[in-house]
Structures are given as structure tokens and as C-alpha cells.
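What follows is subunit A paired twice: with subunit B in the first complex and subunit C in the second.
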Partner chain A sequence: MSIRIDGVTKQFGNFRALDNVSLNVPQGSLLALLGPSGSGKTTLLRIIAGLETADSGNVFYDEQDVTSRSARDRNVGFVFQHYALFRHMNVFENVAFGLRVRKTPKAEVNRRVEELIGLVRLSGMERRLPSQLSGGQRQRVALARALAIRPQVLLLDEPFGALDAKVRQELRQWLRRLHDEIGMTTVFVTHDQEEAFEVADEVVVMNKGRIEQLGSPREVFEHPANPFVMDFLGHVNVFSGRVQNGKAHWGGVEVAYPDYPHGESRDAAVYVRPHELDIERLEVEGSIRIEVKRVNPAGAVAKVYGVSVDFGSDVHVELTADRYAELDLREGEVVYVAPRRVRVFLPEYSI
Partner chain B sequence: MSRRILPGFKFSLGFTITYLALLLLLPMAACLYKASALSSSQFLGAVWTPRTQAAYRFTLEVSLWSASASVLLGLLVAWVLVRYEFPLKRVFDSLIDLPFALPTAVAGLVYSSLYVKQGWLGQYLVPIGIEGAYSKFAVVLVLTFLGLPFVVRAIQPVLETIDADTEEAAFLLGASRLQTFFRVIFPAILPATVTGFALSFARSLGEYGSVVFVSGNMPFKTEIAPVLIVSRLEEFAYAEATAIAVVLLGLSLAMLLVINQLERWSTSRAT
Partner chain C sequence: MQPSKQLKPAAHGFRAAARRDPAWVRWLLTSLAVAVVGVLIVIPVTHVFYQALKPGWATYWNNLTADADTRHAIMLTLIVAPSAVVANVLFGVVAAWAIARFRFPGRTLLVSLIDLPFAVSPVVAGLMLLLIFGMQGVLGPWLREHNIQIVFALPGLILATMFVTMPFVVRELLPVMEAIGDEEEVAAVSLGANAWQMFWRVTLPNIKWGLLYGVILCNARAMGEFGAVYVVSGRIERQTYTMPLRVEKLFQDYDNPASFAVASVLTFLALVTLLVKVVLERKTQGELAEVAALRQPGEQV
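After this line comes the complex of A and B, so read on.
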């Protein structure tokens, strides 16, 4: 089933949680709503589920307007961050709940529940209470419970947020495989860009109740639409520069910027990702000088933290392990840093 | 012997045992000793007459009614206090405990003066047949007032641990509001509710101060067992009085055991 959101606005007191949001979720896709807290991602998910009503705008399932339909009749599978399991019921009864309230015949309930418990790999734990399970197991029970009613969409609200790093990693990959197997339209909320990129086909970056950008993980990461998206998706160095005559300048660095062909000089922000900076011992064209303050070679990449000699701003560089070994950097040393790639954003015109 | 972090284990154990012996066991033993002066037929004659039977029955009956009423009202109050925000909520919340602190005789006096024929409420209620003073109903009324906080304070903390997510989950799975209450919420708070019932029931069994003011103490009709003890004492029949006391003591101990079992059951399920 596809989902279409059309001009949805939601206000909580003085706080505008969603501001005229429109979005299409195609049938069978796995979409991540990504944003900082307060960006409206959870509110949007709850409006899709029917747990919250929009002040204005409409929600369509397969072109059918469900805006005023109760959450109970929308037939969605919903997974909560803190599992929301029924604690006095064992695993079997939790999963069976949706079927029991629908008066499903007993044999059918048994068959379906066993099948789902197998799917979430909890066979043999049917008689356990939620309090006897680990966090990852509880979330899998919650997922099986949500799937029991054969929903047409699956909605997950920060499903892995309360779990520790290793379990989270496993469940992410498992969710992706599950989606590939059953192909259900799935929307999940996360504030973790790595999680969104790893699991989703499409990522919706949200901020202050609006959608900042929508696209595949690669598109969003490689071509951020604005400074917010650039900043939110991983570390970034920000320098202040100027644009004029189709070129952007910052320090001694000059790059082409055809979007601004005018002769009048303007302020601009120059964004460079840490892994898109190179360190050289000798001065190269289009580089700035930094003093190395601290290096952290642990991990897949070596992280170098320095301060620009000319502007005093912090500069964060990531080098491959090989390049780091080759350079043999010392703390306190002055080196040249050259960007392989920069992105220039003009501040919004304000009148 | 394993080392304990905090000192004073021996001292506090000694204090506990002395306390138990002096304040509980000694009076109980004295009570039993006094009653043992009676032969078994005399004992039975004291505790098992038509009048005492009526008093036991009356006490049990009003306790059951008031505990049931406390559970219904207490559930409602706990629900409102946990689930809704309203002005002066904190004030209401602390007022719930008023019956714990109030001398019960005050409650009895206030209730009887409100519900007598000339009272503020009685002048309207008595003409339409509601006898709120000197009747069984009066006793149930005042016992419910005293028993309510036990139920509220038993249910409230458990209800607070059930978050709105759980209800939303049930709703999304297709449960109606009634199904959500009876299948999801009520089973979770059932142990606490039963504990609340038992506590207010026990309180009602032992209540004296308020009941003597509102019941009218009519033999065979509205007389409770503790009142019988007082009237035996007034007749200087000490052994007979203690015999009835022994029966009540046995009842209270049995109730305590039941309450303890219930509380263990409810904590074992509250996770």
C-alpha cells in the first residue's frame, strides 16, 4: 500500500510540530524519517498511524482518504521505542492479542502466532513474560505483534533507540532483510543518520516541522540541499567565505561557483567534510595552513583536529590509515590542508 | 560470617524482637491467658450467642460492602489522578490521605451530624428514604470514607507504570476501549486492586471510633463486635470481653496473612 501525505500541519500550543508537510511513500518502499528531536518526525509518523490528528491536510492510503479514520480501523503495524508490550501476557499472548480481539478462530491464531514467533526467531520462548526477555528480544516480540494483524504498512518509532550498539546493529540488518522478504511499505523514525542510511531506500530529512530534503541515502549525503542537511549528516567544517563573478573564495582557496554570476560580492558559507580534506607538508595551490592540535589514529580513519593559522577556526580532517602512516604527523606541527571538494551555500536573503 | 556494610545489625535485631515481645506478644498472651480462665463451654457461651453472631455478621457485611465501594471509587480516583491534568491536582492528591490522619471519631461525628434528620444532608435525604445515620447504610458510608485511601494508594503507583504507549498499542491492534481496559489495563492492576480491597476490608473489620457514632449500636441490627467488648466490660465481665477479643484477634491475624500473600503476588507481577 502506498501512503500520501498532503499539506499536513500540526500545532501543539505555541509549538508548530508540522508545517504544511507533503510526502509520498511508494508501495513497498522502506523510508526513514530522519531529524533532530523536535523536528516533527514522530508527530508525522503518529499522524500516518492515526494516533494524532492533523490540524489541516490529509492522509491517503492508496489514494483513499483516511484522514478521519480511527487508528483502530487503519490496520497499521506500529512499533514503539519502548516496546509497549502487555506485561502480564507471555510472548505468545502478546503476539496473539490483535488476532484475539478480532475473534480469529483458535487454530488460525495458533498457526499464525507460531509462524511469526519463528519469523522473529523466538521459538521456544512463547511462555516467557516480557520481563524475562532482553531488550532486543522484546522489540522482536513487539514487531511480531504488529505483524500479526497482517497490516498493510509497518510504522516504527525509533525502534532501536533503547537498545545497545551491538544489538541495534543486528536488528537494523535484520529489519532490512525482513523488509526485502515481505516487501511491506515501511516507515521508520530515527535521529541516527547512520541507521537511516544503512536501512532505508529513501531518507526524508526533517527540521522544525518541515521536510528539508528527500532522496536516496547517497543523494542526500552527496548532494545536500542546504546547510542544515549538510550539517546534520555527519561532521562538517564550516568556513566563511565570499562569492563573486561565479567564484567562491575562502582564504587562499578559490573554487568555481556558477550559481552566483553577479559582480556584487556576497558572504557565503563554505562546507567541507573532514574526509574530503587532504593534508600536505608543502604548500599546494588552494590550501590553508593549520596547526595540528590533536590526532586520534584509532579506528578505520585517523582523525586530525587542527586550528587554522590565519582564521583561528577549528578544522577537522579524516585521513586513511595509510595516508596517516605516510605523513607521520606531530602535534603542534603546521601543515597545509587542501579540499578535494567543497559546497558553497549562500545565506537566505533576508529583507 | 559475611561482612555487612552498615553496622548495627545485632542491635536492630534485638530491638525488633524486644519490640515485638513487649508491644505485641505480651498483650496477646495476656489476652489469651485471661480468656483461658473460662471453660470451653463458657468461652463458647461468650463468643457464640445470637447477639454476638449478629454482630460478627454485621461487621463482615458492612466491611464487604464498604471495601467493594472503596474499590470502585478508588479505581476511579486513581485513574483520574494518574491520567489527567487539572488545576489543584496536587491538593486533591494530598486530600486523599486525610482519612489516614483524621481521628476516626471526628469522621463519625461529622457523618452522623450531616445525615441525621436535621442535618445539612439528612433534611433532604431522610424524607426520600435514605437513612444516612444510625443505619447499616450509615456504617458503610463512613467505612468507605476511611477505606478509600487504601485502595487509591495501592493502585496509583501501579497505574503510573503503565504508559499511554501500551493503550495505544492495544488500540492500533484493533481493541475497543472496553477491550483495552479489560484485557490490558485491568489485568495489570488487578493484584494492586485486590491488595487495596483487602487493606480497606481489614481496616473496616477493626474500625471502632467512627462506627459507634453513626451506627446507633442497636443490638441485632447495627451493633459491631468491638462494641460488644465494651458492653461486656461495662458489665465487669472481663473474661467474656477478652474471649470476644481473642476471636477478633484471630480474624485480624488471618486477614494479615492474606494481605501479605496478596502483596507478594502483586509485586511479583509488577514489572
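After this line comes the complex of A and C, so read on.
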């Protein structure tokens, strides 16, 4: 089933949670709503599910207007952030709940519940209570419970937020595989860009109740539409520069910026990702000087924190472990930093 | 002594400091507390049983069962108290639900008003009912026209008891409902449950110990209520005498053994209530702790 959201606005008191949001979720896609807290992503998910009502705008399932339909009648599978498992029911009864309230015949309930418990790999744990399960197991019960009612859409609110890093990693991949197997239209909310990129086909970046950008993980990462998206998706160095005659300048660096062909010079913000900076001992063209303040070689990349000698701004560089070993940087040393790639944003787009 | 002692958390240090108070201070405070509890609670309560049983078990039993007036009083209490409890359970669940789940104008006022019966003297409560439902009361003429008797009759007794015991169930349920939150209820609805299914399958099992606790307290108070019931009863023998009223009547008539016999039944009931209360308190605490534990892993800010 496809989902279409048309001009949805939602206000909580003085706070505008959603501001005229429109979105299409094609049948069978796996979409992530990504944004900082307060960006409206959870509100949007709850409006899709019918757990919250929009002040204005409409929600369509397969071109059918369900705006005024209650959550109970929408037949969506919803996985809550803290799972909201029924504490006094065991795993079996939790999964069976949606079928029992629909007065499904007993044999059918048993068959379906066993099948789902197998699917989420919890066979043998049917009689356990939620309090006797680990976080990852609770999460899978919540998922099985949501799938039991054969929903046409699966909605997940911060599905991996409350889990530790290792379990989170496993569950992400598992959710991706599950989606590929059953092909159900799935929307999940997350504030973790890595999670969104790893699991989703499409990412919707939200901020202050609006959609900032929509696209595949690669698109939004490689071609961020504005400084917010650039800033939100990973670390970034921001330098102040100028644009003039189709070129942007920053320190000794000059790059082409065809979007601004005018002769009048203007302020612009120059964004460079830490992994798109190179460190050289000798001066190269288009580089700036930094003094190395601190290095952190732990992990897959070595992180170098420095301060620009000429502007005094902080510069954050990520080097591959090999390059780092080759350079053998010392704290206090002055080196040259050259960007392989920069993105320029004019201030009217700034946040 | 050991160096590790200094690393112990603050609570330990605090208790250690308390232990350093001079022995005589500790003794004085402890004996004072024991003496007060002894004089005001233990001695009177044991004395009730002593007085009741002094003439022997046979007389005791006779005092309770032989007198038709006493039998009627016991019966009446067994009707009035459960009726008030049932009414207050219905009201309590609805009110606690509304207060815990919704934000509406007048919500704070409602919370305060629920406590009013704790603050108002039961005698005043009885008088208020008289002024509304009595012959000279606001609704008096209308009630007489339709031949409905409220004061000086069973409905009046139940109403008076209800008023006095109203806060118990709500007061117990509110914190439980607020702590549990609405997550599970919302989940039930999203899985297709209607309001009725949600209440019976999710809400009620979650609040059952708190509810039972409220019922026990409410029942104990309902059975023992004197002041409000006294005013609306009109003191008609074998019609409006509940157990506490009967105790007082027998005492006024200098029938001490019989008076204490009935009183001992009420006292016994109080002791049972106390016991059940302790057990249920643990259950409710356990319930709340479980809620906290289930939310605990990585609660997000």
C-alpha cells in the first residue's frame, strides 16, 4: 500500500510541530524520517498511523482518504519507541492481542502467532513476560505483535533507539532483510543518520516541522540541499568566504560556483566534510595552514583537531589510518590542509 | 577501620552519622514513640477484645447473634458498605482515568474537590445531605411528591457513606495510572482494540492491585463510618442502625459487653484491613517498579 500525505499541519499550543508537510511513500518502499528532536518526525509518523490528528491536510492510503479514520480502523502495524508491550501478558499473548480483539478463531491465532514468533526468532520464549526479556527481544516481540494483524503498512518510532550498539546493528540488518522478504511499505523514525542510511531506501530529512530534503541516502549525503542537511548528516567544517563572478573564495582557496555569476561580491558559507580534507606537510595550491591541537587515532579513521593559523577557526580532519601513519603528526605542528571538495551556500539559505 | 569505608556512598555516611547520636537520645525517642503507640493504639485495641470476651465466648457469641437489633445492624452494614464501595469504584476508575489521561479545564479543581470529603467533618456531610434531601430540604417537596424516601432510610445511609469514602479509590488509582502512562492503551488501540477491550484487557490488569488497595481502604472506612450516617439515619431501630451506631446505642444503654462485642467485630475488620493493606502496598510498589524497569533501557531525553 502506498501512503500520501498532503499539506499536513499540526500545532501543539504555540509550537508548530508540522508545517504544511506533503510526502509520497510508494508501495513497498522503506523510508526513514530523519531529524533532530522537535523536528516533527514522530508527530508525522503518528499522524500517518492515526494516533494523532492533523489540524489540516489529508492522509491517503492508496488514494483513499483516511484522514478521519481512527487508528483502530487503519490496520497499520505500529512499533512504539519503548515497545509498549503489555506487561501482564506473556510473549504469546502480546503477539496474539491484535488477533484476539478481532475475534480470530483459536486455531488461526495459534498458527499465526507461532509463525510470527518463529519469524522474530523467539521460539521457546512464548511463556516469558516482557520483564524477563532483553531489550532486543522486547523489540522483536513488539514487531511480531505489530505484524500479527497483517498490516498493510509498518510504522516504527525510533525502533533501535533504546538498544545498545551491537544489538542495534544486528536488528537494523535484520529489519532490512525482513523488509526485503515481505516487501511491506515501511516508515521509521530516527535521529541517527547512520541508521537511516543503512536501513532505508529513501530518507526524508526533517527540521522544524518541514521537510528539508528527500532522496536516497547517497543523494542527500552527496548533494545536501541546504546547510541544515549538510550539517545534520555528519560532521562538517564551516568557513566564511565570499562569492563573486561564478567563483567562491575562502582563504587561499578558490572553487567554481556557477550558481552566482554576478559581479557583486557576497558573503557565503563554505562547508567541507572532515573526510574531504587532506593534510600535507608542504604547501599545496588551495590550502590553508592549521596548527594541530589534538589527534585521536582510535577507530577506522584518525581524527585530527586543529585551528586555522590565519582565521583562528576550528578545523576537523579525518584521515585514513594508513595516511595517518604515513604523516606521523605531532601535536603543535603546523601543516597544510587542502579540501578535495567544498560546498558553498549563500546566507539566505542559512538556518 | 578499613579504608574502603570512606568510599561508601552518601546514604551510608548519613546513617553512620545518625548512629553517632548519644545513646540516651536514641533511647528516649524510641521509648517515647513506643509509649505513644502503646497508650493510644495497642492498649485500647486489646482492651476492646478483652472487654468483649471477658464474660466468656458463649456470652460473646450470644451478644452478637441473639439480639435482633444487633443482627439487623450487622446486616445493614453489610449492605451499606459494599454499595458505597461499588459506587466509589465506578466513580473512582472514571475520575482517575479522566484526570490521568486528559487535560481539560477545571482538572486541578476536580483533583482538589475529590479530597474535600477528607477535610469536611462527617457530621457536616450528613447535614448537607439533610439540607438537600430532607423534608425541608431543596429537593424535599419533589421527593415527597414522588414518594421517594432518601434521608432516614437506606439510600441516605449509602449516600452519606459514599460521600465520606469517595477519595479512597481515586487517590489510590491516580498515581498508579499516571506512572503507567497511556503507552500500552495506545498500543492496544493501534492493534484494533475498542475502548471496552482496551479497558478490560490492558488497563484493568495494570491497575488491579492499586484498585484493590483502594477498595480495601474504602471498605474499612465505609463500615466504620459514624458521624455522617448518624445524622441522616434518624436513629430508627431495625431500620437505620448500622454497626457503629449500634455500638454507641448499646454503650448508652449501659450494655457494655454487647457494645464491646459489636465493637470487636469492627476492630477485627480493621486489623484484617491493615494486613491486606500491607500485602497490597507491596504489590502496588512492585507494579510501579516494573513499569520503571520496562522503560529503563536507554530512556531517551
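The definition used in the following text is that the second predicted complex is superposed on the first by the 348 of 351 C-alpha atoms of A that agree within 3 Å, B and C clash if a C-alpha of one lies under 4 Å from a C-alpha of the other, contacts with A are read in each partner's own complex, and residues count from 1 in each chain.
As a convention for this text, a contact is a pair of C-beta atoms (placed from the backbone, for glycine too) under 8 Å apart; a residue touches a chain by one contact, two chains touch by 3 or more.
Quantities reported herein were computed from a predicted structural model and do not represent experimental measurements.
If you put the two complexes together on subunit A, you find that subunit B and subunit C bump into each other. In the superposed pair of complexes, A:97 makes contact with subunit B and with subunit C alike. In the superposed model, A:49 makes contact with both subunit B and subunit C. After overlaying the two complexes on the shared chain, residue contacts for A:202 are found with neither subunit B nor subunit C. Touch criterion met: A:84 reaches subunit B and subunit C at once.
When the shared chain is aligned, no partner comes close enough to touch A:212: not subunit B, not subunit C.
Between subunit B and subunit C, it is C that contacts the larger number of residues in subunit A. In the superposition on the C-alpha atoms of chain A, the part of subunit A touched by subunit B in one complex and by subunit C in the other spans residues 49, 51, 71-72, 75-76, 78, 80, 82, 84-88, 97-98, 101-102, 131, 145-146, 148-149. Those residues of subunit B whose C-beta lies close enough to touch subunit A in the complex are 163, 165-166, 168-176, 179, 183-184, 187-188, 269, 271. Listed in rising order, the residues of subunit A touching subunit B in the complex are 49, 51, 71-72, 74-78, 80, 82, 84-89, 97-98, 101-102, 129, 131, 142, 145-146, 148-149. For subunit A in complex with subunit C, the touching residues are 49-51, 70-72, 75-76, 78, 80-88, 97-98, 100-102, 130-131, 135, 138, 145-146, 148-149, 158, 161-164.
Note for the complex: subunit C touches subunit A at residues 183-184, 186-194, 197, 201-202, 205-206, 290-291, 293-295, 297-300.
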